[in-house]
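Shared chain: subunit A. Partners: subunit B in the first complex, subunit C in the second.
For the complex of A and B:
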């Protein structure tokens, strides 16, 4: 929960300036500025990414076998997946639709005709001896997506960047090999063989590991938002390859020798692997050594990249058109003719109109409607169900104080739902109870501590009284009686003369305002309590 | 009499009760046993046939029927997957491979109540035009064949009947002296290339006396053609990539039909060249082909390349005694006057053209200028797809796995593939991998595809100016003798044999080989009719008219082998 509290603190101090922050980050940043920012001692790096995202379909790309993660070994294998002779691939329409959806979400042009190719290599977990992919005419091309780069130690002022997508291709995943060195055996699990992947290839648009990581994070958010991919990197649902090259500042970019880092399985890993590679190149180049054009694996445990053996030989994949699959045709409202049955065609316009809003669309909408900071939008987008909940609460009464709604939702309600591991829309604190609590906070009739107590009753005590009734019966109304608070203050001062002394001499703040809140079971108005303490003790000024 | 009947006749006999399924099946089984030395079957499924016939008979007695083929014995080329029955492609690498599913073509036959007699012999992975390069030994043409080992077979039959699937590779050893030399157990690792019968065959043929020689069945669907010609089955499935149905049909005096690409499902057919392969039909008559086609054709969800429009059945038209062919335009491609065309074939072709003309058809010479490039183009495309399609035979998931080759996965691949494939297959794999190399791709594959398009356009052009059907020879000669055929290697012979047939595959067109006459040596000569895409109705109608005019002398073994 610490991160939620952390956001809460930032929220209270920064919320007012969210509009200016928003303006700042929509300002286009000059390219050169970005380079010098990330350059290290005269060197700069250029990074391109290839992301393999497993398509969230119930069956495989070309067969009817299931796609569950961690199913019993070799239990999701059709005849085709085992490459039995005579079997033929049949394209899973759902996979193609998800590919189109992804292309649209990434701002790509959807090719009205794309084709499948065979990519040949011998590997024990590739039973066909080739992978069916889209080498020469991919499903989607030429996209671009904005993403936000939060500079380390300055989470408040993200930079809006943009990365271009070269293309998206559909392809088959391979099986898995397990080596048993003791028995000198390879064990093959074909459950994953033939599962649908989208390979998303970017242009070399990243200048640091952090930028690349921020992009992957945004991509993950996009894919999960539109339901294209589970995005769970730990399960291999998204795997990142990064191509890194390093050149001297001032030299044309991308002139350095390219090194590919394969199969990075976490967002932090993406940043670390690239930064490691950047440093490794610099140190080699400064020693006057050459960089080998090679493929390296990222070792997440030791935070380093390791050269993969056997990769020096140039691999010729002997691409060939897949003869058993007709071209994949995508229609639109214009090209759709009436003699085509609607359940046999993929219509890009139909997909577009039924697609969930992309994160960027949602962020812009939240910013425009509620003036939320980008960072808060981001929090809302990444915390499932909160956006809908927030919107529902605001729609019920548009005059509600957005800051209070946000704070109550993210720092209090989510602490309960997270603890109980339930989605926010299944919370016993429904929109009405939440809204009533917000209203009591807005009108300063209860404190945040009491709000927490109210939620506690709903979550832990199966209490079902309406909010006002509960507050009334429990006598939780805010204490704004100054004399009563002064009484508490005086009592505290009498009890702890040492604290009074330390406070007045500037050694240590007494913290009596907090104690007053505690002694009133959270009912004392915290602002008033602080004011009373200051009046009685003087403002704390730390002695230098 | 019964075994010489056509499919149509036998269906009528079954319907009118003049024969019952079990009796018919037993007749065919005896014929299978008596013709074993022709080596047309790799796997005889006699027990399956018996039980299918028995079920069919029960239906017959209760007045029900699964369909038009209920109780009809058929044969299936051993590159169609059959549930529970070994499907070997005549290759060592698939020896013992038993598919867990039926090819769509097989399933459609079984759904109609057909009785499966067995899996027929072919060139390894259908690569060949002679049906000689099978790990189970060559197929022999029944025409002018002396059944010298018939008596010896009798003894054997009793022992074999209890076997569910007889393995021809082994059974041949003790029933046929000639063949035993040519077949080696592919499991043995001694000697180079133990799985391929080629060098041994050469030795045998050289030491043979002239009268021991026999005629080649043609290939690669030789086993299926022989099964139909000898009456062991009334129809057979073949596959045609460059002529593999039409060539053996021509040599064995039966009808061999290659449908339009996409009309018949390839699901479960172990591919040679996916973009050229079509399942084909071998029968005694064109009418029989129509019956089979109507059972087999139409969309299959398992094969994305099959047509999606509903299939319109071909209607068998009965011709009146005197019919005018006025309005029919027959094209004679001048490029088919190829070097090596035998005079008796040329004469049969000329006579056929005259026949059409005499009955009112327009017959004119047409040109297919790119035909001469077709065989080169075919060789490249074929090798490319072969190298890709054969990549799955690595001994990991199924098929032959080499022993004592566990040093590394690569070593296991190398040994398994070396032992599993014959020289022909290996040669095409190597060539294909070369053509597909990044640096060669444009020079070979892309170029071949361009030429393929030109070949297609040649046909389209001819048909667009009003030609209905093209008439050509199916092969350069009548069935050649084994001793002559083996003088050249598979590659050379394939290039010669496929010359008239493979351009049709390049264009995806339908074509049918119909027996026309006997050669000077007394073996069959077939002529080929070629139509535009999906012109099966017209094409088969023309073929049927021709068939009725020529009265080709159908092979009958009833006198030699008996019908009981």
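For the complex of A and C:
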């Protein structure tokens, strides 16, 4: 089944009654602006997404088989997963809890009663002949999340957008097929069969591939933050289907023919597949050709979408209620009754209060507490452990300069931890050493170059001296002696008269301030060095 | 529907002769009969060739001949009687257990690690994989017609 079990949804954008008129109006206005921004030669695209996220559980959705990635072939298969007669599905509590948690994180209404249905397929990697899913009454519905859209090459102007979630359903994954066209057979591994998936279905709220990609990125961040999914797209833990339609600007979106792109497994791929499809539609439409309502696969290597021929036939899924599973009921503090056994109760209020903060909550908190910019918050949220490290450093001394802490953490410390492939909290530069270095920078007693040297000592030389002692013993204190810097400057001027000439005539800046820093092993105060060079050589003015 | 009641009646007669009591109050002790006017039923369904090949594909069953089609049409005709039952205000029922909650299992690995047993069922195995026919190949479309020529 090439492992997506998506299906077409109604593509009409129906505002929920709960949305106020004001909200609908502002959205419509904003929508109009976005359409014109993303339109190409009079055409615009509308995109809806279906994301299949593997639930981070130890065992499968309805069986006790394991869920490890890349386990030995066919070794994580229970009798139920192999569809042996006489087996029955039993719901994994953790999967239902994670479904509820995800619903809450995506602002959804959690249905107090949800049901399971069978959806029929004939595929060798689906031994039951059907997938257990939730078609009529899914676990969660009608959500909305904000996400940030950073314009390419312009990290300074993120736009806050919002996407509505149609619903979230729990369902089984299929097995994996390896096609061997040469020997004319396919090889089936059932390890993935029956693993728990959440299908997260959005409204058609995206106007470009980039917007859809930005949403998937935010969703990935949310799911990993709350521990619902590993989010590793390369392992297939998150797979994206996009439904794309293209219409003339000004015409209703329903005039575009919908095409579904299946199984995109990278964030860049989401943007590229949609943009490719947008262009393909435009070129066909401009030639007066018709768009086929079909399913296409994304070829990441050649960056194009290909028609999936075996999907041409309209599926008849023959949905029917799953008779072996009574409804899943979710309780809250009000509806909780004492005659229910606690291990058989999922309480939505309990889950809400024990949930990790969502990325949006964390961003807002960081912005409010430290005045960090949105981009900086985003960087902090997406590189693991940095937020805790940053907070710990700031908590130890709240007067520290946030800009210096941020700069030292992201420009210097992270370059070391990334190179050594260790998390920030396992760094040899602990919070105390980092904080001491920050304080020396704040009081202008060392330069950034020296800070880098200090970290280099800790990482490469297994040095364990306290920061001040190291700086003292190595004689790394900042050079603020103007006469010493002037000496260096004079020397440089005497050495390269050509550079001096070019500088003075406005051809090329001499860059002596950098040379002075290098000649002092990074100890010269760079601001002072620049000032001295300017005093001796004059300010560089480029000749027109 | 008529046939259904006859069967039930046979069963309850059998139970009565054996035990002289009715085991379930929901099962009528005596059969009831009701003549159904065929004109109140929906129009009889005729099955076209496309439907047959679609059904054959779904059910992986070959209808094979005209007799099979007639049997199917008769079965649909028989089932048409159910449309006469008044279900206004009655919620459809998925299962007799739907007033209960689904059982919740602890998230523990208790099964699997039984590759040998699982693969015992395979007709063909290669490097621990099940071997299946390639891709999703639709059943070959048959060219023969089941409809008698008129």
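We adopt the following convention: the second predicted complex is superposed on the first by the 514 of 544 C-alpha atoms of A that agree within 3 Å, B and C clash if a C-alpha of one lies under 4 Å from a C-alpha of the other, contacts with A are read in each partner's own complex, and residues count from 1 in each chain.
Operating definition for what follows: contacts are C-beta pairs under 8 Å (C-beta built on N, C-alpha and C of every residue); 3 or more make two chains touch, one makes a residue touch a chain.
This structure is a prediction, so every number in the text was calculated from the model and none was measured.
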First (subunit B), second (subunit C), both or neither: which does A:323 touch? both
Of subunit B and subunit C, which one contacts the greater number of residues in subunit A? C
Answer with first, second, both or neither: which of subunit B and subunit C does A:188 touch in the superposed model? both
In the overlay, answer first, second, both or neither for which of subunit B and subunit C A:82 touches. both
Where does A:66 make contact in the superposed view: on subunit B (first), on subunit C (second), on both, or on neither? second
Determine, under the contact definition given at the top, whether A:91 touches first (subunit B), second (subunit C), both, or neither. both
Contacts of A:130 with subunit B and subunit C, given as first, second, both or neither: first
When the two structures are overlaid on chain A, which partner does A:500 contact: first (subunit B), second (subunit C), both, or neither? neither
Partner chain in contact with A:122 - subunit B first, subunit C second, else both or neither: both
Considering each complex separately, which residues of subunit A are in contact with subunit B in the first and with subunit C in the second? 79, 82, 84, 90-91, 120, 122, 124, 184, 186, 188, 190, 316, 318, 323-326, 344
Considering only the defined contacts, which subunit A positions touch subunit C in the complex? 1, 57-59, 63-66, 72-80, 82, 84, 90-96, 115-116, 120, 122-124, 177-181, 184-190, 310, 313, 316, 318, 321-329, 340, 343-344, 346
Parts of subunit A lying in touch with subunit B, wherever the complex brings them together: 79, 82-91, 118, 120, 122, 124, 127-130, 184, 186, 188, 190, 316-320, 323-326, 344
Taking the complex as given, what residues does subunit C use to touch subunit A? 54, 58, 60, 94-95, 97-115, 118-119, 121, 126-138
Give every residue of subunit B touching subunit A within the complex, in rising order. 80-81, 87, 89, 94, 97, 99-101, 103, 266-271, 273-275, 301-305, 308, 384-385, 387-388, 390-392, 394, 396-398, 406, 409-410, 413, 433, 436-438, 441, 445
